[in-house]
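Got some structures for you, see below.
Note that subunit A is present in both complexes that follow, paired respectively with subunit B and with subunit C.
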Partner chain A sequence: MLEENFLMGEQLLDPADYDFPALKKAFNMDREEVIQEIKDSGLKGRGGAGFPTGLKWELGYKEKSDEKYMICNADEGEPGTFKDRYLMENRPLLVIEGIITAAYAVNAQKGFIYIRGEYFDSIKIIDKLIDNMYKEDVLGQDILGSDFSFDLRLVKGAGAYVCGDETSLLNSIEGKRGASRIKPPYPIQKGLFEQPTVVNNVETLSSAARIIAEGASLYSAMGSKNSRGTKLVCLSGDINEPGVYEVEFGAQTIKEIIEQDGKGIKGGSDLRFVVPGGVSTAVLDKSEIDIPYTYEDLEKAGSSLGSGAIIAVGQEHDLVDLMLNVSRFFMDETCGTCFPCREGNRQINRILRKYKATFSIQEKEIIQDVGETIRLAARCGLGQSSLNFINSIMEKYEDELGIKEVLEV
Partner chain B sequence: MAQNTAEDMGYNEEILLEKLHNIQESYSYIPENEIDNLAQKFDMPRAKLYGVIKFYSMFYTEPTGKYVIRVCDSLSCHINNSKKLLNDIREYLDIDDGETTEDKKFTLEVVECLGYCGEGPVMMVNDEVYTHLTPGMALKILKNCV
Partner chain C sequence: MISLIIDGQEVKVEEGTTILEAAREAHINIPTLCYDEELSIFGGCRLCVVEIAGQNILKPACATVVQEEMEVTTHSAKISRVRQNLFELIIASHNISCELNCMTCRRASNCELRKVAEDIGLEKVRLDPIDKGYQKDESSYSIVREPDKCITCGRCIRKCEEIQGVGIFTTADRGPATEVTTFSDKGLGNVECTNCGQCIHTCPTGALHEVYHFDNVWDELNDPEKHVIVQTAPAVRVALSEPFAEIDSPTTTGQMVAALFRLGFDRVFDTNFTADLTIMEEGTELINRIENGKNLPLFTSCSPGWIKFIEHFYPDYLDHLSSCKSPQQMFGALGKTYYAEKNDIDPENIVVVSVMPCTAKKYEAARPEMNSDVDYVLTTRELARMIKAAGIDLPHLEERDFDRMLGVSSGAGNIFGASGGVMEAALRTAYELITGEELEKLDFEMVRGLPGIKKAEVEINGLPLKAAVAHGLGNARKLMERIKDGEEYHFVEFMACPGGCIGGGGQPIPTNEEVRQKRIDAIYELDRNKKLRKSHENPLIQKLYEEFLEKPGSHKAHELLHTEYKERGI
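Now for the complex of A and B:
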């Protein structure tokens, strides 16, 4: 547990009560200096992919164009994740300050915040805040007396997980189906309406605002070598005290986060496994969670930190039922552009539904084969990660699943 | 002089998604004549526009019930027994996922994660969120929908 939170804290809702320390500082710095500060902090993207934020801003800044866009990705949809909602409901000023700071750094004149359509409360709060910030001259022309002008507009998603993928999100804002785009060109080069576009997650941008306000060295002093600073984790599942917690990277193991922050497993039951980063990530058996919570340690353990969703799963659940649940998620949410992702996830769901008392090794192999095909053919991260959960369960709980060799007939 | 609205600043992109939300909000679905209007306004073939509308689960081309009930069955809620909740709601409303009751009062949607995973199981009734639900609580909420 952190002694003092960096990102979480009291509600910050009213621009009249807020000093905008990051903006005031940033406007007195050159763009390169702001970018250097973020680079020095070691901040990585919190949307799932972990791309270094300073580098992303630098690439955005270097793009030559009369028009650039800054987009805040608030489409949070990975099952188990609710930290961006926490920030929008409790710290929305930080979110928008982060957007403006980033826009200043990359020199974008226009921006969007794309909030998933089901987040009615977040939408209400951000909508009102944007209005108020125009009134207080913190959005629009010559923000806070600087010569930087920036416009921010809210767009509501309409119920499609895949729109969280940045290229799908761009298509969605452009009024197309929210299917992903072929990369390259990357959004940084050719994004929204063909213009250079920087997309960052809500938590990334809020952290960036705090980093500029407090200085990079404070942030980079926290965490491990490859995972600087703090992270919001979302605890859910069979946990006594679920919720959003801010942790310092590497200061606690996953086990400790579950025990110290989440107060252990519900109903005195035993933990079986942990989903460490949302349903797109491979599970870790309870024997594998004594590792520091960092990007690198999770990767070494064969999984990933993903969106920061930690789902604890007790012994009493039926593994096939859980695999079916995750399989249905990907079957429902595939955008359908890549045939293997669309059909493969459906076929895997069929095999899982057929499962009765035993699984044959052949069926396991088919799932693995189809999964590998999906991964190789997938245009976006949804397909690439759609089998992580299922494969890891089949790998780790082969005996419980009763996966047996079935004699050829 | 400082300009204070996005419109003043020449924010001229017409966002189709925004228009669709507005229409959906006024009619509870996207009626055909509005689709015709949009097709003209955005210079899009109607088929393509339908393709966009159908892509998003929150847009409907048929009227929904007065109350849209969204019940999350993604992993965290599932672990917290959303299945039982769902079955009881299904039984009470006597409709399946995606259907509307005959009296046009309720539409039931089994949905993926609503972002309240720490407080599951979760149900939304239009834009109202209910957390930590037991089947009994959920049925009471539905009975209070008039």
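Now for the complex of A and C:
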């Protein structure tokens, strides 16, 4: 367990009580230096895709345009994930400091924080904070006496999971239907209102603010080669002490996180499997979780660290119920644009609903085929990963699901 | 130039070319459904996915731009699995059942789903069809939507928005409930739909089609009490052969007339006749407006799609519209008056049927101010269907002539069917009527062809007459904006459909750039081969005025041949 938290900590709500160490430091650095610092830290995007943050900022910085946008993606929708909510409710100053730092680094003049519509408290807190920060000159013209000006606005999501995908989020801010855009062009080149746009997750930006304040070396000294620093994990499911915990990459195994931070499985029952990165990641059987919590180790195990949600699932749940629950979620949340995701998830749901004690081999085949089609051909990350959970369950618990040949009568 | 490898072949293409375009240049067929070369890229159906060396996931060929040294595989076992599975998903969402199957679908002969199934070598369909339980949208006089057949490829949405600049379709809801619909689900008849029918041409399935009138026409033809007369628009004869693939010549006027007689019509007439009449009335109107300097530019009024468009979107300009009814409606009015009177037939028993390249003509015929002069409107597609259903061997019919009375026409009447044709026909007549001199060259090349907006200036008696032509409502909107910004013209021809009537929403499928050009060429050839090429020289038009209408713009002409418009709001 982490001795000293890097991101988590006491409530930071009032700009009058906070001296914006990252901003003050950043404004005394060249933009290139700020970017280099983030590159040196090894920070990766914490929204799920894990793209190197410093590189993203550098690409954004290099884009030539009169207008650029910095966007904070706070549409935290991955089931089992609630770390961004923790940050917005408890450390909102860090979040906005991170946004301004990033905006300074890439030289964006305008920004948005796009918050999940159901996060009423986060919205209230950030809304008030933005007002206060304008009053304290930490937003608007010549921030903190520097010559950097930046405007930030809050946009509320309307409840679509797909808007957590950055291109869908851009469409949503523009007032369009929440559906992914075809890439390229990437948002870095042509994003919001066709201008270069950098989109970062809440945790990424908060970490960036801390990294600038504390220096990259402190951060990069933590973690493993490909997973530097710390990560907020969201423990939920059949766990004694669910909640947000900060862990150092590689310092604990998934099993240890569950046992040490989450205090083990509820009611002393047995763990069956873990969903290691939110419901768009493949499950890991309890026999597979004795691995260090890093991007690379999870990938090696055939899954992904995803958004940092760790859902522990005990023995007493019905597997089909769980699959139906996840299937229902993806079926309802596909944006409806691409055929494999829309029709594939609909068909999977139909097959699961028909389930009566056994699956036929043919049904399993269809689920596998649709899984392959979606993974290979869907238009965006939502679709591509939508069957990871179901396919991994079908694969790992074949016997328990009673998949067998059903003879046509 | 970019050099890449597609399926082992080296291909060189322009920078910015997509894999799909590059493959087509190399004669490699990649199946598509949501792709239409005239429209923006959607990337939804994913049938065109290909493997690119070094990439884990497949990429849509339509939306991926080629790169130097890219290695693309368009057909492999993996791709085939994915395409077949995609197709299973698509077909399950297309709601094929016993009541709703390929046998009764009017798109069976040119259904793109069937073509794709063949292209990908579909082997099995394991998924049950999904009954989405949608209701048909039958709110429009012109177009029916069957959402159960819709696969949500979004082509109609893009066509309406990008080509026609109207945008009545939208995607609503999400997940499996995602559907294409109209604003607030109001239905095509209750939104700003211009009835142009261009959406039908881009729809890959039978989800969009015209409101069929052929059943009613069969009933009338079978009723011995009824005297059923038919008129055929100029664009029909250059397209009717297309569904009968064995006809080489694109023009089938004589066979079309013969087939109409065989179907049982009592008289077969030509809308070209009333096209000539339109020129007389509209030409006179133009001359009057120029003399009085009032309500210029004069806008043509033959295209009912354009009329509904201006009524919705530019109501301030309704005074600029010619008050002339379209040739279809002039014919209807004469059929139930002049023709009835001269032949001593009770107008109550006369049924006027039109064959039109147009879906909006169905709406036009139903406009209350048109007085039910035209009873039924068949599209070119519907006529082809009736001919086939009656067992008539169109390609081998002996040619027949139109009945004379309302059937003799000039070449100027013919070219009404192509964009720029009304303008050219009007210029031929206006020039000679105003100057009293004979035109040396009848062909006004600058108003012909497929450019979206065309302009011409013709010197008539010292007046430089400025004319413009726009076809496709997207272009009409552009030209209207320029006129709003102060561009000055005397006379502007507007046609709702790209290419003019030859590209109308009721024409055979497919209708694309190549097909439009073929039909245009055929129309001008008809004009070129006619001795009579100017409307005012049509002897039967002269006779009509002598016997019945007195003179162009007379009181009687106004009563029968002119109409009015109304603001419709948006």
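Definition applied: the second predicted complex is superposed on the first by the 406 of 409 C-alpha atoms of A that agree within 3 Å, B and C clash if a C-alpha of one lies under 4 Å from a C-alpha of the other, contacts with A are read in each partner's own complex, and residues count from 1 in each chain.
By our rule, a contact is a pair of C-beta atoms (placed from the backbone, for glycine too) under 8 Å apart; a residue touches a chain by one contact, two chains touch by 3 or more.
These figures come from a predicted structure and were not determined experimentally.
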Please indicate which partner A:Ile366 is in contact with in the superposed arrangement: first for subunit B, second for subunit C, both, or neither.
second
Please indicate which partner A:Gly178 is in contact with in the superposed arrangement: first for subunit B, second for subunit C, both, or neither.
both
Per-residue contact with subunit A, leading partner among subunit C and subunit B
B
Is A:Ala377 in contact with subunit B, with subunit C, with both, or with neither (first, second, both, neither)?
second
Looking at the overlay, what does A:Lys44 touch: subunit B (first), subunit C (second), both, or neither?
neither
Which partner does A:Ala158 contact after superposing on A: first (subunit B), second (subunit C), both, neither?
first
Going by the contact rule set out at the top, does A:Lys68 touch subunit B (first), subunit C (second), both, or neither?
neither
Which superposed partner A:Lys286 touches (first subunit B, second subunit C, both, neither)
neither
Counting only touches as set out at the top, which of subunit B and subunit C does A:Glu333 meet: first, second, both, neither?
both
Considering each complex separately, which residues of subunit A are in contact with subunit B in the first and with subunit C in the second?
160, 177-179, 332-333, 335
Looking at the complex, which residues from subunit A come into contact with subunit C?
160, 162, 177-179, 182, 184, 331-340, 342-347, 350, 362, 366, 369-370, 372-373, 375-379, 384
In their shared complex, at which residues does subunit A touch subunit B?
76-82, 84-85, 110, 116-121, 134-135, 137, 140-142, 149, 151-153, 155-161, 172-179, 193, 234-239, 242-244, 275, 279, 309, 311, 313-314, 317, 321-322, 325-326, 329, 332-333, 335
Any idea which subunit C residues touch subunit A in the complex?
41-46, 49, 57-58, 60, 63, 65, 78, 81-82, 85-86, 89-90, 92-93, 126-128, 130, 151-152, 171, 173-178
Name, in rising order, each residue of subunit B that touches subunit A in their complex.
2-6, 8-9, 11, 13-18, 20-21, 42, 51-52, 55-59, 70, 73-76, 78-80, 111-120, 124, 127, 129
